[in-house]
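The block underneath contains the structure these notes are about, expressed in structure tokens.
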Amino acid sequence: MEIGKVVGNVWATRKDEKLNGQTFLIVKLLATKDTYKDGFLVAADNAGAGNGDLVLISKGSAARESLENKNTPVDATIVGIVDSLEVCDE
Amino acid sequence: MEIGKVVGNVWATRKDEKLNGQTFLIVKLLATKDTYKDGFLVAADNAGAGNGDLVLISKGSAARESLENKNTPVDATIVGIVDSLEVCDE
Amino acid sequence: MEIGKVVGNVWATRKDEKLNGQTFLIVKLLATKDTYKDGFLVAADNAGAGNGDLVLISKGSAARESLENKNTPVDATIVGIVDSLEVCDE
Amino acid sequence: MEIGKVVGNVWATRKDEKLNGQTFLIVKLLATKDTYKDGFLVAADNAGAGNGDLVLISKGSAARESLENKNTPVDATIVGIVDSLEVCDE
Amino acid sequence: MEIGKVVGNVWATRKDEKLNGQTFLIVKLLATKDTYKDGFLVAADNAGAGNGDLVLISKGSAARESLENKNTPVDATIVGIVDSLEVCDE
């Protein structure tokens, strides 16, 4: 998994109907404890995250395992809110 | 998922017959709200997208969950048209 | 999916027997309409492609959906020959 | 798979309940025998690893094959502790 | 798939028991016919490869299709030994 920070939202009215009711958040991934990778990704939110939260993200087929409907066409899901993070030896 | 902008089309007459009837669009992925990643990808269109649209793309096995025939050999699908995008803290 | 140009062949006599009878082509992926990404990949050919052809490639589990035996240990398959490609706004 | 060194921990109280009881470790991946790739990833620990251990990591759907509940939304798992590593020809 | 050269071995005594009896080799991936990508990966060997061999590697869920037990938590497998490689147009 990767750790990221929620930095925004995406809205889409015309979409696969299996995505209805799903919140999509924009997340910047951590490169180190204090820096971010370039770019961002969009993740379905299964943990009630909000802007500024540090979150744990699962990608690929694992992302669907966290959703009620496992046929949802989603490839990244927020599966937890990070309380704390301890990184030695960077 | 990732957000991208539709910038073109691909045509292929000789192809896996499970791809018949499927539109393939060329998409440049967003790196930030205003810039693009290098390169492009080809995505099956399941949302009626057109040139210039910002779209939401699912990759990997999730891409097939959005298609009628889940045995279609497709690894990226446009699953929504983005209405708006809000990114703080870049 | 990605678009690539067939630039070569690989031969392997000692291999997983599920790969017998399968042609493997070396493909350079397009970065833009006129340039290539660094490196290359090897794809199973399911479209009768030859050297110099522009091809459409599916990767990951989608690659197996295009093969007769879906248990073939292949992670990239040529699923079509590109006739033409239109890219605006690069 | 990739080889990495355990460099930290992540704690998350609010999370997908299928993740309860699972330890998540922060791992830096090896680039060569003596150097590391940029960034880090979070892996579920299925091998009893601790800080400083060199570990073997499986990613993607393989990560779930190592867990008791194969519906756990995890995309990277520590599947072994590396005893030794021999790399020639770098 | 990708082509790589076997450059070493990994030993792990404490590991997922589904990995018992499996040989793990360290492989550097080809970037061009004569150069290598940075870094290396660890692949299960299903082709009897040895140090210095050029090998064909399948990654992702395809890697498990080549193993006897398809629940082995492995994400990269050597599926063939490359006899020869012909690359034009680099």
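By written order: A, B, C, D and E. Residues from 1 in each chain.
Please note the rule applied: contacts are C-beta pairs under 8 Å (C-beta built on N, C-alpha and C of every residue); 3 or more make two chains touch, one makes a residue touch a chain.
If you want to know which protein each chain is, UniProt gives these names: A, B, C, D, E = EutN/CcmL family microcompartment protein.
Computed from a prediction, not measured in an experiment: that's the story for all the values here.
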(message) For chain B versus chain D, what separation do you get between their C-alpha means, in angstrom?
(response) 31
(message) As a quick test, compute the distance in whole Å between the mean CA positions of chain A and chain D.
(response) 19
(message) Where in chain A do residues touch two or more of the other chains?
(response) 60-61, 63
(request) Could you tell me which shape the graph of touching chains takes: line, ring, star, complete or other? (result) ring
(message) Output the ring sequence of chains, start chain C, direction chain E.
(response) C, E, D, A, B
(request) Using the touch rule from the top, collect the residues of chain B that touch chain A in their complex. (result) 1-3, 30-32, 37, 46-48, 56, 58-63, 65-66, 77, 79-90
(request) Using the touch rule from the top, collect the residues of chain C that touch chain E in their complex. (result) 5, 7-16, 18-19, 24, 26, 28, 38-43, 51-52, 60-61, 63-64, 71-76
